[in-house]
Amino acid sequence: MTTHYLVLSALLFAIGGIGVLVRRNAIVVFMCVELMLNACNLAFVTFARQHGNIDGQVIAFFVMIVAAAEVVIGLAIIVTIFRTRRSASVDDASLLKY
Amino acid sequence: MITAPTIEYFALAPLLVIFGAAIIGVLVEAFAPRYLRRAIQIPLTLLSLVGAFALVILQTVRGVPTTPAAMGSVAVDGPTLFIWGTILVLSFVSVLLINDEDQFVPSAAAVPGSAEEEKAITEGAAHTEVYPLALFAIGGMLLFPASNDLLIMFVALEVMSLPLYLLCGLARRRRLLSQEASVKYFLLGAFSSAFFLYGTALLYGYAGTVDLAGISQALAVAGGTETLLIVGTALLGVGLFFKIGAAPFQAWKPDVYQGAPTPITALMASGTLVAAFGAVLRVFWVALGNDSWNWAPIMWGVAALTMVVGSILAITQTDIKRMLAYSSIAHAGFLLIGVMAVGDRGQNSLALSGLLFYLVTYGITTVGAFAVVTLVRDPGGEAWHLSRWAGLGKRSPKLAGLFAFFLLAFAGIPLTSGFFGKYAVFSSAVALGQGWLTGLVVLAVVASAAAAFFYVRVIVLMFFSDPSADGPTVVTPSWATSAVVGVSAFATVALGVFPQPVLDLAEKAAKTLFVQ
Amino acid sequence: MEPVEILSHAGGGAISLAWLMIALPLAGAAILLIGGRATNKWGHLLAVLMSVGAFVVAALAFFQLIGLDPAQRRQSVGLWEFIPGVANIGLLIDPLSISFCLLITFVGSLIHIYSIGYMSHDPDRRRFFAYLNLFVAAMLLLVLADNYVALFIGWEGVGLASYLLIGFWQYKPSAAVAAKKAFVVNRVGDFGLLVAMFLIFAQFGSLQFAEVFPAAGQASQGVSTAIGLLLLLGACGKSAQLPLQSWLLDAMEGPTPVSALIHAATMVTAGVYLVVRSGAAFFPEGSTAALVVTIVGVATLLAGAIIGTAKDDIKKGLAGSTMSQIGYMMLAAGIGPAGYAFAIAHLISHGFFKADLFLGAGSVMHAMNDEVDMRRYGGLRKLLPITFVTFFIGYLAIIGFPLLSGYFTKDGIIESVMHHSAILGWLAVVGAGITGFYMTRMVVMTFFGPKRWDEKAHPHESPAVMTWPLIILSVFSIGLGAYLVLSNRLLLFLAPAVGQPEELPHFAPFAVTGLATLALVAVGAAIAIVKYGRSEVPVVQPRGSFLTVFARRDLYGDALNEALFMRPGQWLTRLAVFFDNRGIDGVVNGLAAGVGGSSGRLRKIQTGYVRSYALSIFVGAAVLAGAWFVVGTL
Amino acid sequence: MTAIPWLSILMGVSVLGALGVSFLKNDKLAKQATLGVSLLVLVLAVVMTVGFSPNGDRFQYAETYDWIPSFGVHYAVAVDGVALVLILLSAVLVPIVVLASWHDAEQGKRSVRTYFALLLVLEAMMIGVFAATDVFLFYVFFEAMLIPMYFMIGSYGGAQRSYAAVKFLLYSLFGGLLMLVAVIALYNVADKNSFLFPDLIGAVTDPTTQKWLFLGFFIAFAIKAPLWPVHTWLPDAAAQAPAGAAVLLVGVLDKVGTYGMLRFCLELFPDAAKWATPVVIALSVIGIVYGAIVAIGQTDIKRLIAYTSISHFGFITMGVFAMTTTAASGATLYMVNHGFSTGVLFLVAGFLIYRRGSQFIADYGGVQKVAPLLAGAFLIAGLSGLSLPGLSTFVSEFMVLLGTYQRYAVPAIIGTTGVILAAIYILWMYQRTMNGPTAESVAEMKDLNGRERWVVAPLIALIVVLGFFPKPLLDVINPAVKESLVNVKVTDPAPVVAVKEGQ
């Protein structure tokens, strides 16, 4: 019965993706990305179970670490730009174009 | 029953050296007094790069290992070593550029134009963290093309990218653009790596392993039409295409290249591209090699779109760095042709050597070009707007001449390295003898004819139009920068006239192909 | 009949030095042109010397030639390999070419001498003499060549010389235009000659007379007709025959000696030479080509005569008559060996008396400070006695007054044409009548009647250097015709070169045609005397009847050319230029602009919004996956 | 065959000269040095020519070294008769151009020595491109040549210079890149692992492949030549370039196109060439007439000359593709003669324009009165442009038409009308500039000075001498052309009527 888990992870991934597209607040966008990563994790562990090997679970741990590192960097950047612009809207940051 | 893992330390030595140096660098930041840091960091960085390079040479001489290292998760084979060598050289020259601290913000945390920034400037503060960050990024670049399973590849991707996200935001001038570049690169990068990861997950689901060799075996058994495989490959592709800046995933490149500090742009445009192509080759040739009939057509479309978008959009650019970004997109398109030129072993090694050579030539020329860009300054920083470059040929003929030469190399004029790079890839593609690929080559040459227009446009500006009264000043380059320009100019000539030695290396590296 | 084979010259004697004929004047021209002002003082003397030298060589060669027995009289002197496998430069000394050489060098020398006086006041006299020498050299190459290529070199060489000399006073726009016109119209003829050469080469694989003529018989009828007509086109260009006559009248813009030498005595007869030279091969008796030649000839002789009747410009009047006289020669040349001799005879005698007339006209102009309008002459008889007498002799010769040159040669032509075809013959007779009219008109208007010139002019006889040539020429104009024609001297002399008719024509003085001709000439002359001698000649040209205007306007030849070629040509040119700039170049630039424009539009895709970039990635991913499915299921 | 590497020496001297000149600080010295070097090259070239044995093997002075083994590329140079005369042409023209453009570079207050250094670089490449017997090497020179010329037009040209330069570069580059694909394909199809020309002859057999490769090469050469309708870059480039550069552009660079057709299109892809002949002949004929007509309508002297060249290139391509010995030899000779005649035409026009400062015909009139020598030179140049018999251009034009007629009568006849049109465009230009009342704007015009006479005299001498005695050149050209046609497997049509044995 692993299919449901897969569907769920796909849904989560899709929601995350849509979120990135529709939300303006940089933090929220970033959270959506994290959501996508976690969707991946879900998929990994599911498949791990499906194949009956633990690679997937191990990978999930790796991903969490990476995600954490990403959070550190990401928040640093977002905070800096927030301080400069007094806004966390990703749409404001659109000087670079064409 | 789990056997204890064996690690081939010698094979991985270059990686270890770089990462070790990076960590030391961090410690230096933590403990060394501010006035000493720079004096420590620069030699540390450069030496580690040299050391790593020496180790790469040593391994090449000692004989290329034929089996992947670290329980099959890191493949140190001919191509890897060649790519490592290339990346290390390119990083070395890029670091020489970074060494010019006038490029970097004194205190990234300070709000632009705020009092504290003034203070930082007056104190002459500097972010020497730049060096360890760069080293981490370089380490990532080394690992990325060497990783023999998708997990390592993902980790490497992040290790390479995260420091770059930060570095992009550290430009001393035009802070807003720099920060914007940083945040854009970060968000999009994270987004795309999520795709990469999900693709990995699906492939894991398909093959039951993330080991590239394992995936290709699974393909051999199961054939190539399962949904998991298809979607997985597609998403994996998205992540990789994003990194090399292939259309339609190229959008970040111009913005980031434009906003980032020029030395970092140089590092990304040369090192990252090389690493990313290494990874692309590994994934598509090692893991999906048996499936080329399915992915080649897709890649055909991507390549065509990429070279057209790159060439066309570059024509009307007014920012020099942005223009070079589009040009690098176009070049990514040309390189993809080589990735598709797969056939029997001989054909593969031909295509591979072509790609490797192209990467070398393009990387070195790019660094040189960006180095020149750092030298042409306005009161407000670099003279980024093309119109400011008008008549540079009269103000400082040598510099303008060198830049023109680099541009001609990009355009692929004979007797420059760029020509042989293009030639190597195109000829391997034509050698396949497939109409669809030859057609793409024709498209490529038409595109490069269009691309030639905007390179030539800059030359026209520099040489054929008269300088404006308050034209940009050309700063006298630091020893490092002039070294960079000199080296890359020399390499561009040498590879344009006597490419054979490097070609030999590339061929030797490509002979063995990637280990399974 | 098969022409006698050409022998390559054994060597020795003046014949092997024939190249000197060309080399001397050529050297003269070169020295004067390169030497520049340094040669101003003695340049003209050198030129005269060279021309005389050429004459001496010609004379010697001539005597050596008649020393040989008739079968031997076709000596070719190879000079050097020109285009390997195509043509060599070589000279052919035979009765035909040598006759021309004598004419050219002799008359040429006289005109050189005359010019010393005529051009004495011109600052550019040296350049003038250089061009004259150049012309003589080219003309000799034309007639001496032993193949078509060398002939063509001379052919265009004389064209160049005539261009330079017509435009000698190039600061006069009219002169410049006339020069250009002459060259261009000649080029139209040369086009024919060129294509003829291609055809000959494609047929016979050679352009040497010695190889082409013997083989000519084997070519198909159509081909040889085509060759003939193409050659004729060339001849028409040089000899100002219809339809390429229009340049000759304008050519009178050149200094008068030029008109005398080039546009009366020698160059314009080159066409006749070409036809006669190739006659046996490509204009065999009764062939279509030959027929066309006769038609062109007769048409031109009438046209020229008619034009001559209406001109008030003395030189243009003479030019018209030149056209008409060459028409006679063409006509004769068209009727085969029977006519060749008379054609050449008339050509030679015409060379003398027409030169005489032109130089006389020049002398008159010299006296009237370059006034050319006969309506402003009159009664010059007493003031210019020598000029008058010589001119009058020339006049009698041209109208064919009994026992003078023209009488024998022209009547000879008319006679033999009569045998050939009555219609042509009678047309020729009519032409003679008109000649009588316009020449008489010219003499009367110039030398008789009251003086009509204004006070500023002080007519005076020309210096000896100018009058002596006149005298010599007029002497020849009296006797030469008889010498050449009586007892078929020239015909027999030329026979080895051009062949001879079955039965020799015996010249019967005062035969029916002869008398008819004389009568018509007399009538014409009488009308002229009545119209211009007895009645007052208005100084300003009257409007004149339609016919007169028709004649004045050169039978609307120029108008025709303008309507048919010039205007359409100008339109075509404008069209082409427009098409090139807007059309072809437009496409090129349009393409570039299109790329640039699309770039300008496409870059807007790069909105700068992270979310739209993300969207492109998202969509891209979807598309990729979709495409993969499609490909996978293929 | 001498052991002396003549061709490398020729190129080496020019390149070293260029380097030397570019380092000289003193402009005057730089000029003299350039002149010296180019004269030295000329002398060497002449010596080499003397040593050439026309009836020896086809390729002489051969040098072959591996350059890039992994691409099968050699540094292989050698000359046959055709290449030799074209190299000689370049060697003759360069010193004259140097002398002619003594002051050209100074107008734009731009670096004089750069200009002359570029000239020498260009000379080296011109020699190289004709000498290359390795297709790849040829391509390298073919493309690389563009750059110095591009800078000469762009930095030292007239008002529209950058437009003209860019147009020139991109147009040629486009053709060149298409050719690059063909070159690569040729290498792979032939599968000889070598780019040496002799190895590649007859290597491509499949007709379809031949056609594609032929097109790849031909388009590049057609643009270079230039052949109608891809000619529009030439008038702009030639009109904007300084006179000297224009001479080398039209006189030599464009010949690479026609030379390439003869050497590569015909010999490497004979069947495809025959297949394409009707079209090419048609284009050439159009070019002849069209170029002439457009030339008549020009108001700018240099543009006019450029269009006359387009007409002349029509003759050359027609001669090449007529594939008869006479026509092909004529075409080759035409390349040389056209170099001289257009050269002197451009140079004299350049002197004229330099004096008056205008390229427009309308700004002149009656120059002959004030500057007879200038006018005389202009006239002779013009006459050679309308290929007057006795001048070298006639010989070649005559041979081309004669040879073409043997196989393609109608095109030859149409082409011959060009003779009439030529008379119109040349003489009309001469009349408008030199004849008539002297325009006050030119009343003060100086006549040719000593330097300019030295520029014009040698060319005119050459034109006249070759006009009467072309044999030396033809003796060198003919054997080579015959060899090529043998490779193309065509034989001259025999005359319809066999005459008694002469030639």
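Going by the order they are written in, the chains are A, B, C and D; count residues from 1 in each one.
Basically, a residue touches a chain if its C-beta (ideal position, glycine included) is under 8 Å from a C-beta of that chain, and two chains touch if they have at least 3 such contacts.
The model shown is predicted, which means the values in this text are computed figures rather than measured ones.
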{"item": "Third chains touching both subunit C and subunit B", "value": "A, D"}
{"item": "C-D or A-B - the one linked by more C-beta pairs in contact", "value": "C-D"}
{"item": "Most distant chain from subunit B by Cα centroid", "value": "C"}
{"item": "Chain occupying the most central position, where position means C-alpha average", "value": "D"}
{"item": "Euclidean distance of C-alpha centroids - subunit A vs subunit B, Å", "value": "25"}
{"item": "Centre-to-centre distance between subunit D and subunit A (centres being mean Cα positions), rounded to whole Å", "value": "65"}
{"item": "Chain centre separation in whole Å, for subunit D relative to subunit C (CA means)", "value": "36"}
{"item": "Centroid spacing, where centroids are CA-atom means, of subunit A and subunit C in whole angstrom", "value": "97"}
{"item": "Interface hub residues of subunit D, defined as touching at least two other chains", "value": "170"}
{"item": "Multi-partner residues of subunit A (at least 2 other chains)", "value": "17, 20, 29, 90, 93-97"}
{"item": "Subunit B: positions in contact with at least two other chains", "value": "183-184, 187, 191, 254-255, 453"}
{"item": "Pairs of chains, among all present, that meet the touch criterion", "value": "A-B, A-C, B-C, B-D, C-D"}
{"item": "Interfacial residue positions of subunit B with respect to subunit A in the complex", "value": "108-109, 111-112, 151, 154-155, 158, 162, 165-166, 169, 175-177, 179-184, 186-187, 190-191, 194, 197-198, 200-202, 204-205, 208-210, 254-255, 258-259"}
{"item": "Touching residues on subunit B, where the partner in the complex is subunit D", "value": "353, 393-394, 397, 408, 411, 413-415, 419-420, 423-424, 426-427, 430-431, 433, 438, 441-442, 445-446, 448-449, 452-453, 456-457, 459-460, 463-465, 499-500, 503-504, 507"}
{"item": "Residue ranges of subunit C touching subunit D (in the complex, touch as defined)", "value": "33, 80-86, 89, 149, 152-153, 155-157, 160, 163, 167, 170-173, 175-177, 179-180, 183-184, 187-188, 190-191, 194-195, 197-199, 201-206, 208, 210-212, 214-215, 218-219, 223, 569, 572-574, 576-577, 580, 584-585, 588, 592"}
{"item": "Complex interface listing, subunit A residues touching subunit B", "value": "6, 9, 13, 16-17, 20, 26, 29-30, 33, 36-37, 39-40, 43-44, 46-47, 50-51, 53, 55-56, 59, 62-63, 66, 69-70, 73-74, 76-78, 80-81, 83-85, 90, 93-97"}
{"item": "Residues of subunit D touching subunit B in the complex", "value": "67-71, 110-111, 114, 139-141, 143-144, 146-147, 150-151, 154-155, 161-162, 165-166, 169-170, 173-174, 177-178, 180-181, 184-185, 187-188"}
